[in-house]
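Each structure below is given as structure tokens.
There are two complexes below, and they share chain A, which is joined by chain B in the first and by chain C in the second.
For the complex of A and B:
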């Protein structure tokens, strides 16, 4: 309850900030729409030459684009802005004030900045997923939809955990501004189903920076390619990842010694 | 009175990477770091009672901020113990964080782009302040700090003094019982400094809050604190009343005389001549505290004196001496 109240207060502050820059918000939404058109154009070029990409039809690819957008939204609305704020605050010592507050520090670090207009992506992503699923000719039973949503959540959780580890590394190295760049660089690989890639790259996007777990895997669930046991496995892995990550965060906090006054 | 803050043999040693200047040592340092131990705080012991305002003094790098950071729970000490309000600060229990505050004059806690009033609301949520109490506290702080005209402007549009007022308000909304203030008046002009000072005094009177503050402005210290703690190079040098410090460190007085004859005359037979502060034409001599009476009567008898004053040496000088001892 308390957490929700703080979250609401943070949301309000961030909303006010984005309202203060109206023009910026509008331009961003327009740019965002342009990118979407560009991506759809890319897809239509591919599928004017072929009907399938590694076994995936155009409907499924559109749905994948939707999931990819969801992950992208997570990155752009929370992960990027909060990383930037965190990196600055650890170097200039303003993290001290965050640590003095009687709230979980990881929670505040995750949610203190929100790029609110990115919520618009949620609408686009949902539209893409709905259209994509319909185009792929149904087969989406309620159970498959449920597991799809569940696995989208676990995928996000795994990426989030990875992010925690990367920013916690800053506690040890103090200057480590590229901590999230690698995440973004590999995120682009999530645009296409993991099985279009050569094995070595598929390994990286599944295990090292598990972007595929957040994009391809939910779609596989939607296509009914996953067994119950596999779904359970992903669930377990994401929980374990989060537990390990928050342990590392706690250790990092102990290490943090604050910048000199 | 109960001892609210107890500090016992508190120590902090930093490991600091160090290298000589130049490209070569930079490369060497990349592969093999050399560390040096810096003893920022060494076996400092003191206690502070509820409701006290204590000045925490020392030159730059003396260990003041490090001590404050340990007491507010931001740093783990490398030795010793401390208890504030019955809590061990660096365990950072919720109850402790809820009951104390740290203000650092050189840092901002308020969001830059929005009015302070909005940041206050965030603090209300974080510190779980009930609406009625929040309204009451804010009204009280508004009375003392005159926040109304400034708290609705974006923080980036405020002057330094206005911002400090808002920073203080944000730090006090949850009615902390213990205040750690690290140079709360730094960079402010004289009027703003005086404003903050009288606010702290009034706040302490109304709420009975305990305050430990550092400042490089002696006016802050003399106005607010009866007791001071001096540390130098991490070690405790003095803990006691300001007046006592003067007796101990500088057991002399300054006699200022204005002579009827405007030409300066030699005062060396009476004591050590020192430069006066205010340019009112007075000449000053420094004399041992025990001989003030006899020297004064000699001066009056032997010289054409218009006006005569007896003063304590300026507190800046006394503290300067204390640092050097």
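For the complex of A and C:
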């Protein structure tokens, strides 16, 4: 309850900050729409030359675009701005003030900045997923839809956990301030189903930087390619990832000695 | 004049060398999307034999050559200079008796290229081993013929990039404009897919736009896939664009500096 109230307060602060730059917000949304058109054009170029990509039809690719947009939103609205703030706070010692507050430090470091206009992506992503699922035909049973949503959540959780580990690494290696760039770099690989890639790249995006787990896997659930056991496995992995990540965070906290004191 | 260039080279080389870790990240960042598109098209080509007459090997050679050409023709002026106009530190550069963009920024661009190239070559060799392209169509004549194209491509993208950066004299922030420009460039240059796979309208437009000289024309020339007449015609169009870009840059720079109010200085 307490956490929810803090979250609401953070949301309000960030909303007020973004209202100061209204024109910027409008331009950003227009650019965002431009990129959407761009991505759809890309998809139509691909599908004017073929009817399916590694077994996936255009409907499924549109739904994948929606899921990719969600991950991208997580990246742009939370991961980037909070990492930037965190890196600065490690360097100048202002992390001390965050730690003094009576709120979970991990929660506060990962949610204190939000790029509000990115909520727009949520609308677009939902629309893309709905359109995509409808276009891909009647294959989507309620059970598949449910596991799709569940795995979208676990995918986001895994990315979130990986991010925590990456920023926590800063406690040990102070000069590690392009910590999340590697995440961003490989993000583009989430635009297409992972079975398109050569084995080495598939390994990287599945096990090293698991972008594919957050993008391809939910779609596989929607296509009914996953067994019940596999779904359970992803669920377990995401929970384990989060537990491990928060342990690492706590260990990092112990290591942290403050730059100003 | 040569001594001045030499001096600027030393300074900019040292400056770029400081950021070598960032450079690796940048390289990774910029490498992923060509490899992704390459994989997509190989998958399609393999599943149906060929795409619009292009075999899987055609795609492999196209995108692997793109990595090199892209590195040679790309331009980072906006990242070097936009913030200087924004926060007013350009004033210091303006006091020097040399052109801040045509000397300092240009040399910085080249230093950046030289450094990324050192890192790119080993990575490129690994990619060649992984994708095993058949480069038998390439000859030293075709590479030689492509060199003016690459030079023109860099010239155009440098001057257009500088022109866009100079818009900051009016708008202070130019990142949105540059994002728009970047989207156009990706679309019309052949960065995303080889131009013949594009819808006809885009192909027709791309022929007369400056962007194809940045990727498509030099790549296809190296790979010996364009008839000589086409190459020469494209070079003529490229040369015209180079002149246009030069005039545009001259105009924007002259008017811009006059307006420059050195925010915060």
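Definition applied: the second predicted complex is superposed on the first by the 260 of 261 C-alpha atoms of A that agree within 3 Å, B and C clash if a C-alpha of one lies under 4 Å from a C-alpha of the other, contacts with A are read in each partner's own complex, and residues count from 1 in each chain.
We adopt the following convention: contacts are C-beta pairs under 8 Å (C-beta built on N, C-alpha and C of every residue); 3 or more make two chains touch, one makes a residue touch a chain.
Here the structure is a predicted model, which is why all the values come from computation and not from measurement.
Student: Could you tell me if A:228 is touching chain B, chain C, both of them or neither one (first, second, both, neither)?
Tutor: neither
Student: Under the stated touch criterion, which partner chain does A:99 make contact with: chain B (first), chain C (second), both, or neither?
Tutor: first
Student: After lining up the shared chain so the two structures overlap, which partner does A:2 touch, if you call chain B first and chain C second: first, second, both or neither?
Tutor: first
Student: In the superposed arrangement, which partner chain does A:254 touch: chain B (first), chain C (second), both, or neither?
Tutor: Only chain B is touched by A:254; chain C is not.
Student: Classify the contacts of A:188 with the two partner chains as first (chain B alone), second (chain C alone), both, or neither.
Tutor: A:188: touches chain C, not chain B.
Student: Is A:196 contacted by the first partner chain B, the second partner chain C, both or neither?
Tutor: It touches chain C, and chain B stays clear.
Student: Which chain A residues are contacted by chain C in one complex and by chain B in the other?
Tutor: none
Student: Which bits of chain C are touching chain A when the two form their complex?
Tutor: Contact set of chain C toward chain A: 21-22, 25, 28-29, 31-33, 35-36, 39-40, 43-44, 47-48, 51-52, 130-131, 176, 179-180, 183, 186-187, 192-193, 197-199.
Student: Which positions of chain B touch chain A when the two form their complex?
Tutor: Chain B reaches chain A through residues 14, 65, 69, 72-76, 92, 94, 97-98, 101-102, 104, 106-109, 111, 113-114, 118-119, 121-122, 124-128, 154, 182.
Student: Give every residue of chain A touching chain C within the complex, in rising order.
Tutor: 27-28, 31, 34-35, 38, 41-42, 45-46, 48-50, 52-54, 178, 181-182, 184-186, 188-189, 191-192, 196-198, 200-201
Student: Spell out the part of chain A that touches chain B in their complex, as residue ranges.
Tutor: For chain A paired with chain B, touching residues are 2, 5-6, 8-10, 12-13, 16-17, 20, 92-94, 96-97, 99-103, 254, 257-258, 260-261.
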